[in-house]
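Heads up, there are several structures right after this.
In what comes next, chain A is part of two complexes: it sits with chain B in the first one and with chain C in the second one.
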Partner chain A sequence: MSDWWAACRAGMRLQTQQFMKGPLLIVLTVVEALTFLALVSLFGLTGSKAPTALVVNDHSPLTASFVQDLAKDHDSFRLEPTTLAIAKQRLAAGSVVDILTIPKGFGASVAAGRTVVLPVTIDNVDTDLTDDIQRALPAAIQTFGLQHHFNGIRLAPVEHDLLSYDTAYVPYLVVSALGLDALVVAGALGATAMAGEWENKTLVQWRLSPSPMSGLLIGKLIAVVIVSTLAVWVAALLVFFGYGVHPHDAVGTLAALALCCVIFTALGAVVGNLLRRTLPVAIVFFGIALPLYIDSGSLEPERFDGHWLWFFGHATPVYAAVGVLQNTVHGLRVTPESIPVDLGILTLWALFSMAIAYLILQRSKAVR
Partner chain B sequence: MWGRTMRVPEAGGWAVEFNSVTRRYGKRVALDSVSFVAEEGSVLGLLGPNGAGKSTLLGTLCGLQTPDEGFVTWFGQNEHVPLPKALRKRMGVVTQDTALYGELTVRQNLRFAADLYGVSNPRKGVKEVADLLGITHRLDDAVGELSGGNQRRVAIARSLVHDPDLLVFDEPTLGVDIETRHAIWSHVRLLRNRRKTVVVSTNYLDEALALCDRVLLLKNGRLIEQGKPGEILARTGRYVELDCTPEVAQAAFATLDGQTEVEGLSVGESGLTVRLTGSADPNRVVEMALAVHHIEGFRVRAPDLLEVFQSLDDSLPQPQLTDV
Partner chain C sequence: MRGFLTLIRLDMAIWRKTPWVIATALIPPVGMAILVTMLTFAVTRQPVALVIQDHSPQAQSMADIIRSDTDTYQLYQTTLAGAQNLLKKQEVTSIIVIPKGFGKALATDGAKVDLTLNNIDYDFADDIRRSISRSVAEFDAPELGVASSRSVGTSVIPSPYRVNPDETDLRKTDVDFLHYQVVPVLILLIINVGMLSSAVLASRDRERRTDRVLALAPVSPMARIAARLTGGLLVTFLMVIPVTWILVATHQIQPPDGHWWALIGVLGVTSLLSVSLGSLLGVALKKSTTVALAAVILASYLFFLGGGFTTIAFLPDWLQTVSRIVPTRYAIDALRQSLFYPDLSNVAKNLITVTGFAVAALAASVYTLRRAAR
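For the complex of A and B:
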């Protein structure tokens, strides 16, 4: 056992020295963690409110009330009051997606119970925002009608929340993004560390020496785990203090992120040992990161995304990682599996990946 | 100083014995029933063109590859791959690729090797091998910044850091300058003086002559000759180059053709090349030519590697010489 520990220390010292020789890599690793956080934040922030030119030709109290309901409609409109001429120019220039015109006599007609036509001109270059407007406008009209007790409206929703608190979209996204960070940072570093050994043909030293290869491998990966965990913790601190997300269990969150880094480093070692070139491993991790992120319950619990997506989500550890992280940060249970089960799955992934990485090294005839 | 503290192995016996070792890659036979021994405290040279099976032989010797047939013994023990730790500790290997961490310093590379082999005082071990190889002043330089020759020295230092009894060098002087080449030769000689066993593959005949107690000649996985370098050269015979015009060369060809000392003749642009039999006296051949022709100059030389192989293996093409 002392031989094994000695090998482990040697592997760890080797990788640490390699990191220290390239401090830029560590800096870029932290930057990488932050840019992925920015990426998903932007994903949540962009496209959520349609820039709408509002042309108001009526100035009654009911019109003012309707405009207020439009403005309050959840994440739908960014209203920009203007004249029809300017609105047309801006629609043509592409700075607004639609023109909503409130016609003269709107208030009087509504008060008299007459149906009012609301002209909406839409730039349907991308149906995403078009769909949003098509959904949001009737919702605003319904709110307006309920508020003023118009005749004919006989249904009113009454909401009963399962949880005593709401979790906003961006705070939800950025927590999942920490899981993505762990995948990209730890996975790419683990893969690069091992692929570098193949690329430089230095593995032959390992093979020839009397040191246990498992000790060398694990020692090297421990150094990778430490660096990637620190990088992801920096991103977590940004989430806590920059985004104002107050973690339900801060220590648990940091521990869960460390566990994620262990798993993804081990997965990275598998990929590095299979590809054996440093350039492809980076491409692989950047390529798989976003699909795995989206299919892991990162935007909403994966069980709401349909049977097949949910099924495939289970095939990756990112799903369980997001489940654990949403629990430690927001106190949510986003997977039907319990948190201990998610943790067990993550632990099994780590052990399995490490075993595969070791077997590839041990059995490869290319280590000559 | 490493030289003072180096452990000297017990005298006598064989460090390595190959017994009818065959190794195949699919249908290709890389080693074909190869048998030889490397005596302890000797330098064994492995000569052969590219693809002869040298790397496969060295890989098998290091325990990186398993023979398909036959067996190998190390220090009298018949072992199987993966080799036991105790045996690995007795071996030091320099691969063709050097296998160094280019971004790390020389010291860090040597320290890692010391850690791998469980050297009890790694700091001292690193210093000793660095002193021995003359790289102490480069210990804190990144290996990637060193010249090819110095990288070879580092690789050799790394193979020595755990004081092994058997050293395996795969083309250690490949691509190095003449000064480094001679420095490496002197290190190998020092190792032999310390009764270390060295197995070295090379493409250079002069290297084998300068270093090796015995040489193995490999071709297409077969061992076609083995023995002391001098004996093999004696069997091959020396060469005499006669400088003259092509016309004189043709005339001299006729004069020397059929002489008992002459194994082969070749007329070229600059004169006549004469391959002598192993025991022939070159002076007599030169005198015969000078007696009847205008020869501008002459030189006697040893054969190069290709010529040795051509003389030992009749199946090789022999475009240079017309056999008599």
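For the complex of A and C:
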């Protein structure tokens, strides 16, 4: 047993020295993880509050009330009051996506019970954006009509929310992205650590050494887990302090991320043993993270995306990781499975991936 | 000239014999294309349970309005207990109930449509809220409904809400979400292949010290540099031309008549820009692994700050300002304009801007390659 521990310590030392010899790789891997956070944040900003030029040619209380309804309309518009000439320039320059013009006499006409036509010019670059505006305007108009109890309105929607608060979109997305960050950082470093041994042909020496190979492997991976956990915790702190996300359970979040790093380091080792080249491994993980981000419940609970995507989501540990992280940070339950079940799945993944990494290494021809 | 051509052949042979570099260049664009395709499923229709408890004709009319909004709802018509079970299992995002007595309540202006919403995040929750508001408003004011929003021009039809939107679209074509987002992936492919091809070749020469052998070749330094950049450019074209051809042959992209020159211009100038940036990176970083990683990170920033995965107008002002110095913004704008819209407005301006960036990057890469060659 003491031999095993000695080998484990030696493996850790070896990997730490390799990290210290090439710190740029660690820095770039962390930058890659932060890039992922930036990417999803930018996507999150596109989902709501359409930048809208508002041209107000009427100054009545009813106009003010309508403008307020537009501003509060389910995060639909980011209103930018301006003149028609400037609005047209901004629309042409692509800095607003639509122009709403409240015509002169709006308030008087509405007060008199007449129907006013509201000119809307949309830069219909794609149907998704156009649809959002086409839904948002009737919603604001409905709020306006109900608020002023206009005659002839016979029905209204009544909303019951399951949760007492809505979680904002970017904070939701970045928490999911932390799970994917663990995949990118730990997976890439774990894979590079193992592929490096193949590339430098040092793996044969592992076999020649009297030390147990499992000890060397575990020691190496422990060093990777420590470095990647620290890197992912940096990303988590950026989310907590930079994005202003207040976690329900900060310790639980950091622990969940550490568990993710164990799993993804081991999976990285598997990939490194299979590819045996350092050049593509980090990019493989970045490439995998992109589609996995969607198929893990990162934008919304995965179950909402239909049976097939939900089914395939279970094929990787990211699905359960996102479930646990959304619970520890936002207190949300985003998987039909309970949190203990998600945690159990993650633990099984950790054990399974470690075992596979070891088996692949032991069965490799170069090591025999 | 012979030496110049030999060096180009050498670079292309090295590239052909390193399939891992080719794979590395392809992984991010392929991943991004899959992401955008899957995103289409996630951001469009939402699963919603519809419960009809009233059997009046008015309740049926309300249900028909909801059913007609096929862009928003993926409806499961069921009982209240069934709907609650679906909501609990997260198979639906919300339950819409047309309650008992709906028809009678309309007579007293007190009818309700109940919405129970799993408001986990406000993106899809707001989508449902807007949609149900529109459906409910449509009942009393059909001109606020789905069909009216698709028709052109609105006359003044009296509405109980007293406001009718009159929509004017800036563009004559409607581009679906998938194509709008997936087409810029072509730019990501060019950036990745262009940057990696030249960056990895440059760093490989230094890593393997073959740059010393090349220095002894009877070729002038300028010819060596020109060969390196031309080789990178040819490799990029070798990857991009077949992909573009496949996209055209499968009708995924169909440039309108007279737009081909713009499309070829955008792809060509972006390739030159990418190869030049890659050379700079290859000289700055020595190890192939770090060069590859840095190239992919730089390509990612160039892609999404250029509006490849976002709409620039939605970004904060400071990011919009930053994106003005991102050359891919102009390339992506020009690409979308040349592929999706009937006119070529701003394409010439965008092409000139990208060309300016490309020439500057080319000059910088020639300078750094010359210094490195000494």
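FYI, the second predicted complex is superposed on the first by the 347 of 368 C-alpha atoms of A that agree within 3 Å, B and C clash if a C-alpha of one lies under 4 Å from a C-alpha of the other, contacts with A are read in each partner's own complex, and residues count from 1 in each chain.
Keep this in mind: contacts are C-beta pairs under 8 Å (C-beta built on N, C-alpha and C of every residue); 3 or more make two chains touch, one makes a residue touch a chain.
Everything numeric in this text was worked out from a predicted model, so none of it was measured.
> After superposition on the shared chain, which partner residues are touched by A:His59: those of chain B (first), chain C (second), both, or neither?
It touches nothing on chain B or chain C.
> In the overlaid three-chain picture, which partner chain does A:Leu299 touch, first (chain B) or second (chain C), both, or neither?
A:Leu299 contacts chain C only, not chain B.
> Kindly classify A:Ala6 by the partners it touches after superposition: chain B alone (first), chain C alone (second), both, or neither?
first
> Between chain B (first) and chain C (second), which does A:Lys72 come into contact with in this model arrangement: first, second, both, or neither?
After superposition on chain A, A:Lys72 lies in contact with neither partner.
> Just chain B (first), just chain C (second), both, or neither: which does A:Gly22 touch?
Both partners, chain B and chain C.
> Of chain B and chain C, which one contacts the greater number of residues in chain A?
Of chain B and chain C, C contacts more residues of chain A.
> Name the contact category of A:Asp131: first (chain B only), second (chain C only), both, or neither.
A:Asp131: touches chain C, not chain B.
> After the superposition on A, what does A:Ala289 contact: first (chain B), second (chain C), both or neither?
second
> Once the two structures are fitted together, what part of chain A is touched by chain B and by chain C alike?
22
> Inside the complex, what are the residues of chain A that reach chain B?
Residues 3, 6-7, 9-10, 13-14, 17-18, 21-22, 200-202, 204-211, 216, 365, 367-368 of chain A touch chain B in their complex.
> Which of the residues in chain C end up touching chain A in this complex?
20-21, 23-24, 27-28, 30-32, 34-35, 38-39, 41-44, 46-47, 62, 71-72, 87, 89-93, 102, 105-106, 109-127, 129-134, 136-140, 144-145, 149, 154, 156-171, 174-177, 179-181, 200, 285, 287-290, 292-294, 296-297, 300-301, 304-305, 309-316, 319-320, 333, 336
> Name, in rising order, each residue of chain A that touches chain C in their complex.
Listed in rising order, the residues of chain A that touch chain C are 22, 24-25, 28-29, 31-32, 35, 38-39, 42-51, 66, 73-76, 91, 94-97, 109-110, 113-132, 134-139, 141-145, 150-163, 166-169, 172, 192, 277-280, 282-284, 286-291, 293-295, 299-301, 303-306, 309, 332, 334-336.
> Note which residues of chain B are touching chain A in the complex, please.
Going through chain B, the ones touching chain A are 59, 62-65, 85-86, 88-89, 91, 93, 95, 97, 99-104, 108, 112-113, 115-118, 142, 158.
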